[in-house]
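One structure is given below, encoded as structure tokens.
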Amino acid sequence: MIKVGIIGANGYTGFELMRLLASHGGARVVYASSRSMAGKCVAEVYPTLYGAYGDMTYADVDTDKAAECDVVFACLPHGESAEICGRLADAGTKVIDLSADFRYDDPELYESTYKKEHPRRDLLEKAVYGLPEINRDKIRGARLIGNPGCYVTASVLAVRPLVQSGVINPRTVIIDAKSGVSGAGRKADVAYNANEVLGNFKAYSVSTHRHTTEIEEKTGAVVTFSPHLLPVKRGILATIYCDLMPGKTIEDADGAFAVYENEPFVHYTARRLPEIKWAAGSNCCYIGAISEQKTNRLIVVSCIDNLIKGASGQAIQNMNVMFGLSETEGLPLVGTHL
Amino acid sequence: MIKVGIIGANGYTGFELMRLLASHGGARVVYASSRSMAGKCVAEVYPTLYGAYGDMTYADVDTDKAAECDVVFACLPHGESAEICGRLADAGTKVIDLSADFRYDDPELYESTYKKEHPRRDLLEKAVYGLPEINRDKIRGARLIGNPGCYVTASVLAVRPLVQSGVINPRTVIIDAKSGVSGAGRKADVAYNANEVLGNFKAYSVSTHRHTTEIEEKTGAVVTFSPHLLPVKRGILATIYCDLMPGKTIEDADGAFAVYENEPFVHYTARRLPEIKWAAGSNCCYIGAISEQKTNRLIVVSCIDNLIKGASGQAIQNMNVMFGLSETEGLPLVGTHL
Amino acid sequence: MIKVGIIGANGYTGFELMRLLASHGGARVVYASSRSMAGKCVAEVYPTLYGAYGDMTYADVDTDKAAECDVVFACLPHGESAEICGRLADAGTKVIDLSADFRYDDPELYESTYKKEHPRRDLLEKAVYGLPEINRDKIRGARLIGNPGCYVTASVLAVRPLVQSGVINPRTVIIDAKSGVSGAGRKADVAYNANEVLGNFKAYSVSTHRHTTEIEEKTGAVVTFSPHLLPVKRGILATIYCDLMPGKTIEDADGAFAVYENEPFVHYTARRLPEIKWAAGSNCCYIGAISEQKTNRLIVVSCIDNLIKGASGQAIQNMNVMFGLSETEGLPLVGTHL
Amino acid sequence: MIKVGIIGANGYTGFELMRLLASHGGARVVYASSRSMAGKCVAEVYPTLYGAYGDMTYADVDTDKAAECDVVFACLPHGESAEICGRLADAGTKVIDLSADFRYDDPELYESTYKKEHPRRDLLEKAVYGLPEINRDKIRGARLIGNPGCYVTASVLAVRPLVQSGVINPRTVIIDAKSGVSGAGRKADVAYNANEVLGNFKAYSVSTHRHTTEIEEKTGAVVTFSPHLLPVKRGILATIYCDLMPGKTIEDADGAFAVYENEPFVHYTARRLPEIKWAAGSNCCYIGAISEQKTNRLIVVSCIDNLIKGASGQAIQNMNVMFGLSETEGLPLVGTHL
């Protein structure tokens, strides 16, 4: 049994790790810390955890204690995460960081995006980008994973094969993304009060969202990125517009997406465009595409569950790969639909 | 044109007053104050107010300024409200208080319920309970109105006629009430974060909710009161259980509800039990009833929009009565359904 | 008092007409017909209408009866509408048609889009496109109005000024539109069962939706149009992407939108991008815009209530203009926000 | 591997069986039939099943084929189910019937409730009521299970221990139950159109609902039963009112619920009243209770996921018991919370 630690376990991605790991056959949460809720019973904050975790309490943050685990998932704010993960990595513990701190290849891009110096450039170089579908081999031997977030996962899985195969013009990519409200986390903020969210829909951080540079780095495209907030809890749907390269057709797009043929968690559905309810509750990404003759555009739709494939499920998938377990262990192949 | 002032205008009941009064033919908001948002444009906080209020800003709380209005609506927390309303009433301004401070006949009941001394017992005696359907004559001459809240309005309109006409046993009343989340106000609180509310339903303050004593005072019944939180924004539905008095039948209940025959805002729908979408968006209360032979119980369902008939609409109805306007002026007879 | 008739009154746009007209100071519904619900009480189908319409029943469809009204609103399926509206127009009754049958300038475009011959090409020529903000003068003298629908209103109001003023390249327009589910109407269809819609989000009819040609005709742009279904009842938000013309900037866009400066129902909010809750419940359209330097793109967001400014409210606005009433009579300037 | 068949697999309980069994370690769906969708790919109807079921299609209903399975789950309408289950049982196949046909001890009660003759009274006698927490031993040896439904499971688990231990007066029980809309199934019906459900809440079949007699038979109480429809997809919350027997207190209630101390799927949370989000997504039932001194009433709140513990999860729990597997195999102990 792999001994798992979670730092920042009281937020939604921490909860989701505990929820999913409760039915994982090869790993077990032995340490869950939270600065703000240390000493509280996990089932007081999330009563649904009672059946699986009983009276377990949130520990105080203690790097030494965490370092005794076989692997630690860090669910901390950007910036803060790098230091704590760094200390754990120095101690030889395997670390999967759900923040943005170890995702970038280019440290300058990180620093200009997050407007701060990276505290552990030394480790950033060694960290592995945790998107198994594009990086599986490196993840196998990795000790420190930068686990991609929700918008990026949905976007990169859809755009990267098209750029790499030369099917689309990488300078024409527009990603109109819509996310459920769990993406904003467990916040006491009027903007996320149910009264302000239910029945509403809005764009936010259009063209200025921090995840844009990560999408650009991982796809090689220039991207106009427009996030929107959906009045649902889980799920992301990204509608992606781009120009086909001269002479390229929708069949070439189909060919590019054949790269996912044997992936357990990525399903290309061709002309049938996916919906959030296909993906929500599962670790799967669904991708569909159509083309428009009059404009020579390709339109791609990509869906994931933002908390699973877009965060905690992907982190577990990375753990499975790192430890040589079956990649699908503990991860739902089927969504809840309802 | 009646000059209207609103104190505490930035909350949801204050917003709702501004929204409804924007299409009122005989009154106009000339003063809207907010301690926390003084100086801010009302349309910055509620952009939908832009078309009707343009660049109007929230004023700082200033009793002298407010006293220049013909009538002031107070949307303040319980306790705090009595003092400010008191000063306005002393200055001769007509006041409609949306808090609980001037609703009780019995000052001791107020004090034991709200666990504080009433700062203006002198005025409490003179204040008029603002439920037009049971108190219209007194409201006409009133200078200070205690405007009933949402749970109480839905409950009292349904239970009082049954008690008064001797149709039910007043010692057997159970009110299982379900409210939309706007009843909790505009709060930065994780408990009302959309993620915690969407898809959820819960009971809260069962048997201990403060509005219980107000319902008991206004109906003469002993009441078990169980509030619940619905994942909708607007509306209250109360399912009410009570024993029929020996020899009484559902037809006697029909007779008791005939008291509302000529009311513009209360509709008795007999055996067809009302739904929230009938009432939401309107100033109407819908009431239906059935009886159960095997238990000799009467089951009554009552619905209102908690922000309109349960707060701001009722306050405007009171203003209309106080100033001799048509009682329905500016108040929606038809709900949004959708 | 203008005598109003409604044909097809049992659907959502018919309901919305009845709801809004209940508080209109200059018009009154005297005739509401429905083939499928003839003889039924309107308050049986929509109980919230009870307070305003009492025991009024749906009439059977009877063109002679309808022709006695001063104006008839037709809420009928495309194709079917042209014949009935035609007969009413022949009889000299003013007609506002909410279907697509009298919206096109180019009859061939209608016929290729709707895949049927237009039964009244003679009238199509004389019909006036009912978007008051671009066609007010012609509406004044009109006898037959083709009332634009929801997607088209949100799109045309946002795109047309930019094309007309030469600010954007009209061959680069992408409209990613998201609509509430009331846009699909009152249907018994598993696809719109609450279980399939709640918590879901999907694209549909991408690049093939019939309203595309109408948007293209009214804006002069070539449009990629992608509709999506939101799990909300009311509201449309369109996110629009286009290339700025060489040398043009966001300030030129601001200048183009100055055309709406004195419009009561269209508000340009510059860099603050609108949200559905600003518009829902009102007859207003909100438009905001930003530009992106790296791609030289303009991104415009436009919001309306699909049932009000996108259908029934706009139809009443047209009636107000046709009959010389105040254009805002009976139309909400403020949305419900909650 | 247990070979599982599902009849009526296209509805929501059939889907939920397929979803849950996809991660069951000891059973595998080999046959899924649907009269209306025979020949269609299961992933065409529920795309989220694609990852686990690939190209599997719905079979036509064929009792011989089904009889080759080790166990068949029947998801058929009441009445229709008895005949098909009967034929399978005659053939020696183990059957778990999710309809009401094999739930009653008293055939007359079934017949008066469902207004039809029971076609297989012979089997009704031998069938075992599939509520493991009260009937585990009999389920072990059973060949035909009548699997209780959602309202009944939530009600019986909460009321039965109180009646059996003499804590409450069984003639005073009121169950005010609120259910998510998946309880109504996959229907093409305007009443369940998202527009009619979102933002709404209503009571229905108050005092006349068919499940009342089943609750009464299994608890020994006389029950006033009021179902309500929540605008959520999953979950039931029942608020239950009853009189404490003279001399009995809330501590006696605590004692009665101690019967569930070692149950993996029933959690008694004492004074903390459960919420739907604790149970939704899991196979657990949460029960809490408080007492009210002034009325001597006990108020109990019980929550389950209507599709899991209230239908398909419970059916799998029964299968696990029947086949001697771990009772929790394949069943979620933790809900989704979000």
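Read from first to last, the chains carry the letters A, B, C and D; within each, the first residue is number 1.
Assume contacts are C-beta pairs under 8 Å (C-beta built on N, C-alpha and C of every residue); 3 or more make two chains touch, one makes a residue touch a chain.
Since the model is a prediction, treat every value here as computed from it, not as a measurement.
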Could you let me know which interface, C-D or B-C, is made of more C-beta pairs in contact?
B-C
Maximum distance between Cα centroids and subunit C occurs for chain D
Between subunit C and subunit B, distance of the C-alpha-averaged centres to the nearest whole Å:
35
Round to the nearest whole Å and give the separation of the Cα centres of subunit B and subunit D.
39
What is the distance in Å between the mean C-alpha positions of subunit C and subunit D?
45
What are the residues of subunit B that contact at least two other chains?
12, 182, 195-196, 199, 231-234, 274-275, 277, 338
Under the definition above, what is the set of subunit A residues touching subunit D in their complex?
12, 15-16, 18-19, 22-23, 46-52, 182, 199, 233-234, 264-265, 267, 269, 272, 274-275, 277-279, 281-282, 284, 286, 307, 332-338
Looking at the complex, which residues from subunit B come into contact with subunit A?
12, 181-182, 186-190, 192-199, 231-233
What residues on subunit D touch subunit B, complex-wise?
174, 176, 178, 195-196, 199-204, 206-207, 222, 224, 226, 228, 230-235, 237, 239, 241, 273-277, 280, 290, 292, 294-295, 297, 299, 301, 338
